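Chain nomenclature is as follows: A, B, C and D, assigned in order of appearance, with residue numbering initiated at 1 for each chain independently.
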Amino acid sequence: MTADTDVLAGVSPTPGSKKPDPILIATGVSRSFGGLKAVDVEHVEIQRGLITALIGPNGAGKTTFFNLLTNFDEPDSGDRTFEGKSLNGVAAYKVANLGMVRTFQLTKALSKMTVLENMKLGATGQKGESMFRAIFPFLWRDQDNEIESAADSLLARFKMDHMREEFAGTLSGGQRKLLEMARALMVKPKMVMLDEPMAGVNPALKQSLLDHIKGLKADGMTVLFVEHDMDMVQEISDWVIVMAEGRIIAEGPPKSISENEAVVSAYLGSHHDAPLDFGDDE
Amino acid sequence: MLAGILTDTIRGLIGDQAIYFALAAIGLNIHFGYTGLLNFGQAVFMAAGAYGLSMTVVTFGGSFWVGLFVGAFVFPVILALVLGIPTLRLRADYLAMVTIATAEIFRLIARTPGLDKWTGSSDGLSGFARDFYDLSPFEPRQRYLFNLFQGNQMWVFVVGWITVGLMLLLTYLLINSPWGRVLKAIREDEDAARSLGKNAFTYKMQALILGGVIGAIGGMIRAIGTQSAQPDNFITDVTFFAWVAVILGGAGTIFGPVIGSMMLWCVLAFADTAMRQGVSSGALPDWLLTGTQVGQVRFMLVGSLLIFLAWRRPQGIFGNKEEMALDDR
Amino acid sequence: MNKTSKKLLAAGLGLSMIAAACGGDSVAGSGDGELKFGGILPETGNLAFLGPPEFAGAELAVQDINAAGGVLGKDVVWLPGDSGDNGDVANQTVDRLLGEDVDAFIGAASSGVSLTVIDKITQAGVIHFSPANTSPAFTTYDDNGLYFRTAPSDVVQGAALADLILQDGNETVAFLVLNDSYGTGLLEAAKGPYEAAGGTVTYEVVYDPKAENFDAEIGEVVAADPDAIVVIGFDETSKILTGMIEAGVGPADKAVYGTDGNMGNALASSFDDPSVVAGMRGTLPGVDVAGTLADFKAKLDAVDPALEDYSYSAETYDAMVLVALGAIAANSDDATLIAPKLNDLTKGGEKCTTFAACKDLLEADNDADIDYDGVSGPLEFGPAGEPTQASILILEFDGSGSLKVVDSIQGQIDS
Amino acid sequence: MGRDHVGKNYEQAPETVVSRAVRIALALLVAVFGGLAVAAPAVSAQSETTAGGTMRDRSGAEDEPLEGVKITVESADGTFSETAVTGADGSWQIVLPGGGDYVGTIDPSTLPAGKTLRNPDNASLSFRLNEGRNRNLLFPIGDPVDAPAAGDDGGTDDGGDALAVDVAPGDNKFIQLLVDGLKLGLIIGMCAIGLSLVFGTTGLVNFAHGEMVTIGAVTAYLFNGWLDWRISLFLAGAIAMVFTGFLGGVFDKLVWARLRKKGASLISMLVVSIGFSIFLRYVVLYRLGGRANFYSDYRIQRRIDFGPFSLPPKDIFIMGFSLFVLVMVGVLLQRTRIGKAMRAVADNRDLAESSGIDVQKVIRIVWVAGSGLAGLGGVLFGLTESIGWEMGFRLLLLMFAGTTLGGLGTAYGALLGCLVVGVFIQLSTLIIPPDTKNIGALLTLAVILLVRPQGLLGKKERIG
């Protein structure tokens, strides 16, 4: 709990509530697979500069919603805006260039590239990424060196500088999560979207990951993350959004959420009969 | 006899087939080895080069040099756009199916007598390479390089290997640039690349074009070497040969495709000659193998090589085994 | 770039240097005293069925030539090779055989394959002699005077086919034609004379021999309801004929014609009841003017007892004998010296019909004017190095599926 | 240079093999004895050079000879001219002075009332004749015929043939092609179900699937045509289906299950399947040879006329039987436990696994059933067309088009897509030359991918 939550003090803890300074807004977003509605969100806003958690039982449609917000999936209907710009019909890669970077539930470390290559890939606006300039190293060499030193300092911050030449495929699950997060920062994003950053990470690394996430906020970034682990949610998030069966059923500060009746019944209900787990198992 | 086998094997190792399949394989390596594109229609890119050149010269009466430009750039780029626009947004197998189908479509179109005026139908086009041979410093009737090549072949040999060298240099520069880094990222995980703001579609399209252009240059060298362009020179099996070359040498390595192509043709030439001599000397009994069947055994060999390599040594002969083990898909 | 790569690059560059440095070692086709024939004949591919008789013809020629004492005092050498049905295989074979210093190539069966290698062969100064190319394209091809063929151009057979259809009084005809230069070339050669004589072509279709089925093509033929149906094709004729018989337009219902590509015993033998092809007629180039053919067939069977067809075996035999005679006349095995002699050996002068007889004439007098009439015909080569006279046999399947010769037509090519 | 790999050739009794040389020797006799030994007297060689023919009207139902028609033949140099008048049987003949160029002209005014030349421009024909030959001149009678073109239907079919009953030619051709297309589509569909199910359950695009089709056809041919056993085609087909099914199972056990267990990527599995495709194809060529082969049963059957279309009985059986098999497959997928399990695995493999389905077993069954169906499809295709070493590979491209069209991984989609492809191929010959008919089907594939990448019945999901 930090003082930042104060900005949301006046916000009513109800689904779809208005935030004072939303960076990301989604309205009427729905997506169905073969007749079953996986996501049906009326309205949601994400406050700038805070850490927001998106939780819900298995099959609640969290990852699908995540994909819709980052344009990795196309909604059947609905509008999303990021920093006032509409995301409708915008290609996923352009979303990243607007300043919204995501990670994936199953880590997408690029196995057959070294840690350093992974990092350097994250930098945007690289001259040498044009096919014609690429042929002439003198056109992009200087910029590439700058990117390399930026990558090195980030690696040092994430305490991965000793493995910069190793293939990403040799890293452990937790290290991959770290690498993915560090790589996302190379984009210099305004908002970071983390899909289950703690999944498959051993306890020893968990704390450092948490610290890094808090660090993102300290650097002025907005964080939205999907998570199962309630302890973690309690510890670092400023605001919590709860999804079940594709809808947002509750919103509010972390403390109030665990007492919310709708949330409790959704979580309990999920244990009786596991509904289809749309998308979450990609 | 043994000397005959030896010269044939060496000719396979460095001869014109090794050259144009090396180029086809370099292109395919950019597609598959670096970008993860499943192009099963490299033959049609080679055909684009061959027909771009020959149609410019024979059908439209253009000069050989204009033909080179059309064959190397115009035809393959158009082809890559046609193939890529519907498929590159889809899962990798779609490109595989569309390319293999396109190779067949092309062959049928080039064969149809209705287009005889333009394509020469099943006989194809010939007589477009005189300008090239006029520049040859070698005497056509002389034999060069330890008797391996006729003068004209020698000229193709020299120009061909220089082209291969240039293409290797180009590949080296591109792959070791930030552009190449994005390609590799797309190969590893397209979504990750997109999440980092890379326009995967554009990069895949560029890779498809680049690899296609190199394949087309291979096709042109083939057409120049045989001085003809025929639809049946570009059957689906040609693509498979190029694939074997890539995987044999090691996908995703700079030199792999060239080494693979040389080894493939070396092995095929050796097997061909050895089996032929075995048949004619009676060492291989008739019930087992007749001269007619030697050519079929070659394809069985190619098939088994593909199976073995993809299964047991996906990294190829020279690829890094540890690196391949990282494939977590 | 890692170390291995660098080494390889260096090796590659080194190789090119050597290549540039090594001068000419020897000249192919030049006289080394031993006449060598290279084969580029189909062992594989979709013309593979034409291979065995051609190989048998070639082997028999070698036997006969060497039995008569060979050429220039030495036995001639036969180095067979595969042409496949695409340029790859043929090119590899040609490379290999050029390396063996052959003086003349015998082949290929397919005009298309010959076109992929003709430049390579003729520019190397070696004779390219095909026993089976019938495409008119070769008549005018710029071949340095080194391309020859013993098979007559399709123009002759086409005219004979048109004649045959007219003789039988067919006013309308439908053509089903294989899509390659053989099929379309023969179609043009037959259609012209047929239409000129008042016939009407009600339907013509060029088909893909590898098509899944021929329903559509046969449907069109049925709809066109012609008096006669001509099928110009190879092995796939058995499929088409099956469809035609089933659709009620088979040899029992209509006048059905074939050509040398399909008028073979194999066609009848692909039917369990060969009587269904009874009455089908067709043309086949070739005639026996020397009266030695029964003997020739027996000798072929001795060479290859498994022979099923004999197409182009005589043409192959004659091609080799001619080149051997040319070498004797030129007193050299240099292809560029042999080639100018070949056309004259086929016409004007003292007739002889066997290698041994012709050789005797030539050895008695090196400048003797001889006229070799081969087992495939009188030859009578024109300036383009191809027969100007040809006999076309008219064949018909009888009730037991056997081929009977019912007539022969003499054809002339204006040149 | 033996052709012993074509096993069938061994069966031929040697005496039926009349050699070309013997034929040629016969020709020699013709030449020497002036036609004494010739079988067909109509075309016997003759000593006179003649032009002639028979004037008749064959445009009606009856073949009607025309009497009293005047025909003049002149030599090109004008030195010879003679006119003949047709007799009661319509025949005429003019003896010419020798070989050379001539012009034959009919006098249209002498034609009986109501008869006109089919092609009035051809009232005069030039021809060249060698010494001693006869030239038939044709002056066809009837209504003018449009110039023919491939794919053009002539318009004025003069009737009389079995197909033209009551239906305009354009329509009957359309319906005939539609029926032919459905037949092709049903066969491709049966073959493609396995391809689609294997893809659905394992994600593998199996390029070696076409070889199962070939092996099915060749196995049946082995027992019905190739060897001397002459087992009935029904039994041979059943054996072929069981054998290919077994082979599919073995294939899965020895190759694909191992690769899956090893964690091989789908791409390397795809390459392995291509390797098997090439290998098996050339093994078949090695043993079978390159020619078209046929079953000995039901070799040739007359078509039965159904009015707008006609089919041989075997094709009717093929269509009925494949429809029956496909309905059975549908019922099995829909109703039985294993069918449901297959669909569940294809739908969502992890979910199926977690709900207690033995995924590996289901995949094995998919391989067995899919390969068996492909083998059966091959038997049927061999029956309606012919058996050859490349048949499966060529069908594979159409199967790709069909399954993609219908939606990859869905059994019903595969079927629907293949029917569309089959019909499309046949109908496209109305517009494009038949030798390019596959182009249409393959182009459709590209268009579908642009417009509806998930295929006709595929679920809309982001692909890729």
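Note that contacts are C-beta pairs under 8 Å (C-beta built on N, C-alpha and C of every residue); 3 or more make two chains touch, one makes a residue touch a chain.
Everything quoted here is computed from the prediction, not taken from an experiment.
Closest chain to the protein's overall Cα mean, using per-chain Cα means, please.
The most central chain here turns out to be B.
Consider the two chain pairs B-C and B-D; indicate the one with the greater count of contacting C-beta pairs.
B-C
Could you put a whole-Å number on the gap between the CA centroids of chain B and chain C?
Spacing between the chain centres: roughly 31 Å.
Just the number, please: Cα centre separation of chain A and chain D in whole Å.
58
Distance from the CA centroid of chain A to that of chain B, rounded to the nearest Å?
43
Tell me, which residues of chain D touch at least two other chains?
In chain D, residues 1-4, 433, 435-436, 438 touch at least two other chains, as defined above.
Tell me, which residues of chain A touch at least two other chains?
Those would be 72.
Going by the contact rule already set, what residues in chain C reach two or more other chains?
In chain C, residues 44-45, 48, 51-52, 55, 179, 206, 208 touch at least two other chains, as defined above.
Residues of chain D touching chain B in their complex?
Residue positions touching the partner: 1-5, 205, 259, 264-272, 274-283, 285-286, 397, 400-401, 404, 408, 433, 435-436, 438-439, 442-443, 445-447, 449-450, 453, 463-464.
Which residues of chain C touch chain B in their complex?
1, 4-5, 8-9, 12-13, 15-16, 18-20, 22-30, 43-45, 48, 51-52, 55, 80-82, 84-89, 91-92, 95-96, 98-100, 111-112, 115-120, 123-125, 135, 137, 142, 179-181, 184, 206, 208
Hey, which residues of chain D end up touching chain C in the complex?
1-4, 9, 12, 16-28, 30-31, 38-40, 42-45, 53-54, 58, 118-119, 122, 125-127, 130, 133-140, 145, 148, 150-151, 153-154, 157-158, 160-164, 169, 172-173, 176-177, 180, 183-184, 289-294, 296, 299-303, 310, 312, 381, 384-386, 390-391, 394-395, 398, 425-426, 429, 433-438
Across the complex, what residues on chain B touch chain D?
36, 38, 40, 82, 85-87, 89-94, 96-98, 100-102, 104-105, 108-109, 111-114, 190, 237, 240, 243, 247, 286-287, 290-293, 296-297, 299-300, 302-311, 314, 327, 329
Which part of chain A faces chain B closely enough to touch in the complex?
70, 72, 91-94, 96-97, 101-104, 108, 110-113, 117, 120-122, 124, 126-131, 134-137, 140, 144, 167-170, 183-184, 186-187
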